[in-house]
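Pasting in a structure now, in structure tokens, and then I'll have a few things to ask.
For reference, chains read A, B, C and D in written order, and residue numbers begin at 1 within each chain.
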Amino acid sequence: MQPESRTPVTLTDAGSGLTRAGMTTFHRELLIAFREKQDVINPLVFFLLIVSLFPLGISPETEFLREAGAGIIWVAALLAILLSLNMLFRNDYADGYLEQWVLSPQPLAMMVLVRVSAVWVASVVPLLLLVPLLGLMLHLPADRIGVLALTLLMGSPVLLLIGAIGAALTVSVRNSGMLLALLMTPFYVPVLIFGTGAVTAFGEGASITGHLAILGAMLVLTIVLAPFAIAAGLRMSVANG
Amino acid sequence: MWQWFHKLGSPKWFFGIAGRLIPWLGFGALMLLGVGIVWGLLFAPADYQQGDSYRIIFIHVPSAYLGQSLYVAMALAGAVGLIWRMKMADTFIAATAPVGAALTFVALFTGAVWGKPTWGTWWIWDARLTSMLLLFFLYLGVMALRRALEDPENRARASAILTLVGVVNIPIIKFSVEWWNTLHQPASIRMTEAPAMPASMWVPLLICAIGFHLLAGWLILMRMRNEILHRERRARWVRNWVLSQ
Amino acid sequence: MQFDSLQSLIAMNGYGAYVWSSYLVFLVVIAALVLGTRLQYRRIVLDQQRLARIETRKASERKTQNESGS
Amino acid sequence: MSTTLLEARQLYCERDDRVLFSGLDLSVGSGDIVRIAGPNGSGKTTLLRILAGLNLSFEGDLNWHGYPLHGQRDWYQANMLFLGHRAGITASLTPLENLRCWVDMRRPQREASLWEALADAGLEGYEDIPSAHLSAGQQRRVALARLYLSTEPVWLLDEAFTAIDQGAVKVLESLISSRAAQGGAVVLSTHHRLQLGECRVLELGGA
């Protein structure tokens, strides 16, 4: 056992090693997602489940499915993302790593953005890959599936970032699934409206640039503002451990 | 002005001021609401289009307006609480959330009931009613989050963050619901803005609106006093006050 | 006065049910709020009075013990 | 004269309506070791979390190198290591990955020194198995390995080594005293009877 610790005591100033820390967080998140496959598979199965319920519940005719298909897929994606939210911070809060992560010298808002984008890649992109399959299941024409996938591609980061605010606020609360859904639903409505609006507009042959512009605006607004709210929420949740 | 602002922060001083204000607010609310509602119900002329069903406006519009401005007030209190770490700000949020939720519910219910005679359905997905429904969820969210967090410090900071995020989203929600409504709603049954009202209609409405504000103020100040008594229960002045009751 | 008799006031040419139900709900909600606030107030005051009594009794017991003890 | 690294003045903290401490002053300079003592629930953890900048619900002020701490948060966190009750080890990652993630977030170091630190902490041969298969004591040793790698001058250890065996306690004592000798400062609370050189004791919960 080597008693003397080899490393000298050095006083450093902050603000160094941001990219390295970002890469580590991103890499770590993907690694955990790969190892804990269950957290990634659950939202996928949930997504598939919900979409296949609607034709059974309402009616399997092509005419209805074609008209309602986009809305069904959007609502199902929204709920699946809501489900994958507690994968974000809950495990790290339980084993104490969240404390260490909050106490790292890097600016927390940046780290949060990197972490949420890693979770987006790990658990939401698989959802998007499933969209064409589900679109065909709901008899959507190919070009409309393309527009649907595009709106989901722009809308899902907004859903995840806003949901992460709720996740950060409720990470210290036991079984907060329902609370999270209640907190976040009102904030999801605008994204849902413009997401499905774009697809229906495309169906009627109208131009969708307006909708995509607004979705893009929401995306940029959320990317800039949400990380600060998430960081504040995490600092609050970690305060007395 | 600054000195007054900081005095506002001390619970004991606020408790005294609120104590003196409450009877006036209560009496004023009773008077104004009494006059406004009686005038609106009995003396205001019937609307040539909607007949007497429009009389619901005298409680629908003020409660809808208050439901929204109380949420904005909570967000402001949240910001003050976060920036200046003022405990009284959280007392305000704790007191206002239920009042705001109740008024938003009243607005929702009266709006729906008003829709029945006018359009034959109990609930229409009209832009304003839908955004009021979402505002109601926002209130429920704040109250549920506050109940879920035991630690007072966490509860204060969490509800401040949530109300601030909420207030940023309220215009976005309203805009997108308005836009969504024009897309799906044939123009004919769009809930019209308050029609150009003759004086005999908007005067009672104004009186009711002021009455509602006093009513909300009365309720909120009372609830804040309760909150202060609970939070400062170990302080000497609270003990003396409680024993003197 | 728009209505000449009580019956016509209640009927309000057909809209009575909607108008009065709205005002009733408004009254019920406000009454619930006021009642809730009052009960909350009474509960807090009673709790603290009980607590204060317990503490004063305990303090007096401790005082008598000290006197008897010393 | 040792420069004062961390200084707390007139700290007051109240938790579920008990006053944990009020008017508490603490000045920690380089070379100091301070042990926070007191019965359970006397606010040891709360005080350490306040000093770490995690817990913000207190009155009084907290200075780092003479500057108010809340203004210097990133600078302070770059020079402070906090280990709490929970080891902060992710179960699905191996000890090596845990250590690498932790070090890369703070002050990246060579891969070889990671292996050395794990070996020093007595985890030879366990570097590559998922931490879930490690015992609680071994998971604590991964946290111990962090101390080997840490170049931070200030350590705040809040009962960080509950489940470790006698051998590891010896290692911990030497690490702490060598950190203080090299000009760092350690503030800790622990159940173990640690034979530390000259160590000031701050008694809590005396009232």
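The definition used in the following text is that a contact is a pair of C-beta atoms (placed from the backbone, for glycine too) under 8 Å apart; a residue touches a chain by one contact, two chains touch by 3 or more.
Every value quoted in this text rests on a predicted model; they were computed, and no experiment measured them.
Q: Quick check: which two chains are joined by the most contacting C-beta pairs?
A: Most contacting pair of chains: A-D.
Q: Quick one: most central chain, C-alpha centroids?
A: A
Q: Give, as an integer number of Å, the spacing between the C-alpha centres of subunit D and subunit C.
A: 50
Q: Can you compute the centre-to-centre distance for subunit A and subunit B, using the mean CA position of each chain? Integer Å is fine.
A: The computed centroid separation for subunit A versus subunit B comes out at 33 Å.
Q: On a C-alpha centroid basis, what's the spacing between subunit B and subunit D, in Å?
A: 47
Q: Taking each residue of subunit B in turn, which ones touch at least two of the other chains?
A: 153, 233
Q: Quick check on subunit D: which residues sit in contact with 2+ other chains?
A: As it turns out, subunit D has residues touching two or more other chains at 56-57.
Q: On subunit C, where are the residues touching two or more other chains?
A: Correct list: empty.
Q: Give every touching pair of chains, nothing left out.
A: Chain-chain contacts present: A-B, A-D, B-C, B-D.
Q: Please name which positions on subunit B make contact with subunit D in the complex.
A: For this pair, the touching residues of subunit B are 153, 233-234.
Q: Quick one: which bits of subunit B touch subunit A in the complex? Just the residue numbers, please.
A: 82, 134-135, 137-138, 140-141, 144-145, 148-149, 151, 153-154, 157-158, 161-162, 164-166, 168-169, 172-173, 175-177, 179-180, 183
Q: Spell out the residues on subunit D that touch subunit B in their complex, using ranges where they run on.
A: 17, 56-57
Q: Mind listing the subunit B positions that touch subunit C in their complex?
A: Residue positions touching the partner: 37, 41-46, 51-53, 55-56, 59-60, 63, 98-99, 102, 105-106, 109-110, 113-114, 116-117, 215, 219, 222-223, 225-226, 229-230, 233, 238-239, 242-243, 245.
Q: List the residues on subunit A that touch subunit D in their complex, please.
A: For this pair, the touching residues of subunit A are 1-15, 17, 20-21, 23-25, 28, 31-32, 35-36, 91-92, 95-97, 99-107, 235, 238-241.
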